[in-house]
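Heads up, the next two complexes both have chain A, just with different partners, chain B and then chain C.
Now for the complex of A and B:
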């Protein structure tokens, strides 16, 4: 500990960031009937309640499904947009960037209201999940775009030329050279997209149909009338799910840039 | 093996002519350097040969067949880039295998070809390394191996030594030259370093502003430069003013200058009475203690660099000379000297085009 002040400062920042999570996790193991911290005795009873709660179970499935679909669509569109932006946009580069990042800059509630008008105007409505998925794609797209274009900027065009001189056609060059080299950006962007989608409230709230609540909305609904540790259990499960997604993708797909 | 013929090749970017109607014939197995300052069109020419740039006009023929409309991936060229461009996510082996896989070479042959080429570039045992685990010189050799393993028609090198330190650069010059001779592959080498072009090439193409200033053997370019621009680009040169006093035969004149009246060779035609410029290489000049004939002057500066000593001499006639001698002659700054220049050290320059 050569720099005690800096160390202390860092610890405080971490405490500030992590304390709420620890409180929620702690409160979820509460044996009592009310959401309090420190917990009154330790028990898993609220987890049991949660896992037997059909409404929550349905919401968590909806959330995972929407997040997965939105991530795949966002991943593909965002990667293609980033490719265009870095390699072909030319003098439109700045315009393309601003347009792609617009969903980040606008207040989410405005985007949500606009989308709601839009889905009704074109006749899709909210009876299907299309509107909600479209909304999730819209707000997660910038994260894929930023991550992929950052990794594309560090892609050396001479790698592509080298592959060409060695006889590789366009598709082979994309598959064997470019994709592996921008993979960290694509996966990083997709992870962001998944987490943002899993977590978002406003968009889902406006665009959800009947019986298609996502987890954050169901939790909000629940907390309006109840104040039991079940809410903390729901939050903890949601935190764990997010962590699992991050860790599994990292292990399976390799988020780190390996070896180079 | 392959003969390359470039005919009136032109590349325009908007109204700018980056390459302006150049023609070069490259013999099978020949090592040609494109030499010139940055922006002279040498790299654009190389990229057109490789197929990375489209030619605006003209033809590029490999063994008589025009390849202008053949895409780069089908031209069968081996290319070495300035930054090596090794695929960072592949090992040395995988980098080398890439081009062979594209050609659908069977595994056993692939392995034996890779082993052979790695041996040739003295990197046997490095198969499983990733590029970032290799030094600059090693990466350079892998890049060379990757280009050669596909047994291309021609080898193109784009300033491949520019990122190496001076000592390694000199080693690699010899290494590449020897390797090229052994393989016998037609090679085009782009560089802005005249010493590199001289030591490695069979012939040097000097380019300025998108045009060819001179094509010739290194000794030709150095000793008989086409014009002042070429003379100055390929080495240090002293310019001596003179007047033509007589023309003996085509390309041979008598010229009067501060060094007396001498017979010199030229490529251009001159008439008696013309004011001309003679080039005189610094290493052709001999310095002697004052009063021993020749032009008289004074040493204004002396730079010692081990194998040679550089002097700046102010002649009494007002001209300044740059002289290089071996260190066995010891003359100090401020000494007066006699400057001797043998007639065959001079070359009569044509006017720059």
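Now for the complex of A and C:
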């Protein structure tokens, strides 16, 4: 190594970044009733408790359902917007970009408050999931947009013209030229949208109704009153679910997800 | 060669759903917050009939809330400064270092973003609590007699916030440094500039946009953070975002909560504008 001090410093920062995550995973195998150090032996008992806990199981189902619905909606809307942005926006390009990234740039807590008032103002309140899903679509939309428009960066309009000059109709051109180009971006953006939606807190917290808590909210509520390692087991399962999504996308589909 | 642009409304159909979504679920609701902040407090309802500026006069009359805004800004400022100091060398190595494990290092920087914020804050409560890992280790080694107060105070909040937002500082700075041609630095060195001078006069001004972006991002995110301050700060230290959410969710004071949220946003935005002005001015002076 050329610069040992810098390397060591960076390793310390990486350790700092990983520490709380590793600690949670480690704590989930604690056999004791409380989070004690050193752990009182290794055990999977808290995983068993978790899998038999109806409240957490329902929260996981709600989280997966909301994330799936939000991903599909923001996937479609975000992809269409990215196509417009790259091909047709013209002098409105910068405006479209800023507008599409707005949910990412605005404080999530403010967006959540705004939506809370809004669903009550139009009279549906939090009795339906409309508010929560709308919120999740809003905050995941930028990620689909970023990924799809990044995959279109290499798009050369002359390819489209060449295909047209060879007699391809609009549908064929879309299917044979555009679709293969944007496919990695759409899938990558959708996977990222799913992860963001699955993990988001503030939007869900403000817009949850009775019995529609997502996993992060249920975990947060649990942590305010309980100190058993069950919360660590819940967290570890949630981390593993996310990791599976990432590894599948990177290894199986060979994608690089654009975060910014 | 310019693409043949179809005339008419055809392509607009592509952007229409996004425009409607953003208009209905973002623009209108945001305007509604402003209206809500001028409404009368309700009796048993979230808000009453009629309008008032009372929510704002209450904010300025009561020193407690001004203090809390100042405290929140301070925590945000501290978090941003520490993120910058901690993150810059890492961004530098990611951008410039000849590393065999660059992909792994990049993955390590990104990995916290893939873990939910509740889980990360929970991890810090395990580490920082009075009976937490850090205090237990230090007592076990005989270095301290009493547990250090690491949680339920501003220190704990800042430590956890630095962890949560560090990737948002590292990534834009890394992109900024990658945009600076290393040969510019070599040119300065060959003209007799010391390594430090070359860095200060050539590299730093050129990657300032990345640093600015990272700082603004981290600052704004820390101001509006809710989960971390409420889990680490507990009931003892409250940031403004926590007070706002409690006012809305627990006590249903919608107009009051809106006014607080807007005052925090306005002061935060002012800080960002001042920061942008100052940094730009400074670099102008620094350059010959």
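The rule we apply is simple: the second predicted complex is superposed on the first by the 231 of 260 C-alpha atoms of A that agree within 3 Å, B and C clash if a C-alpha of one lies under 4 Å from a C-alpha of the other, contacts with A are read in each partner's own complex, and residues count from 1 in each chain.
Note that a contact is a pair of C-beta atoms (placed from the backbone, for glycine too) under 8 Å apart; a residue touches a chain by one contact, two chains touch by 3 or more.
Just so we're clear, the structure is a prediction, and the values are computed from it rather than from any experiment.
Clash-free side-by-side placement of chain B and chain C is the outcome of superposition onto chain A. Shared-chain residue A:55: touches no atom of chain B or chain C.
In the superposed model, A:158 lies in contact with both chain B and chain C. With both complexes superposed, C is the one of chain B and chain C in contact with more chain A residues. Legend: residue contacts after superposition of the two complexes on their common chain; A:172 is shown touching chain B, with no touch to chain C. Looking at the shared chain after the overlay, A:247 reaches neither chain B nor chain C. Touch criterion not met for A:31: it reaches neither chain B nor chain C.
Residue contacts after overlaying the shared chain place A:181 against chain B, while chain C stays out of touching range. Of all Cα pairs linking chain B with chain C in the superposition, the shortest spans 6 Å. Touched by chain B in one complex and by chain C in the other are residues 158, 161, 259-260 of chain A.
Taken in their complex, chain A has these residues touching chain B: 156, 158-159, 161-169, 172, 176-177, 180-181, 259-260. Contacts from chain B toward chain A in the complex involve residues 50-52, 71-79, 81, 83, 85-89, 98-99, 102-103, 130-132, 146-147, 150, 156. On the chain A side of its complex with chain C, the touching residues are 2-3, 6-7, 9-10, 13-14, 16-21, 23-24, 27, 35-37, 76-78, 80-81, 83-85, 87-90, 96, 99-100, 102-103, 106-111, 113-118, 120-121, 134-135, 137-138, 141, 157-158, 160-161, 195, 198-202, 205-206, 216, 219-220, 223, 231-232, 235, 238-239, 242-243, 246, 259-260. Across the complex, chain C meets chain A through its residues 1-6, 11-15, 17-19, 21-22, 25-26, 28-30, 32-33, 36, 46, 86-87, 89-90, 92-93, 97-98, 105, 108-120, 122-127, 131-133, 136-137, 160, 163, 166-167, 171-172, 175, 220-221, 223-224, 226-227, 231, 241, 244-245, 248-249, 254, 257-258, 261, 265.
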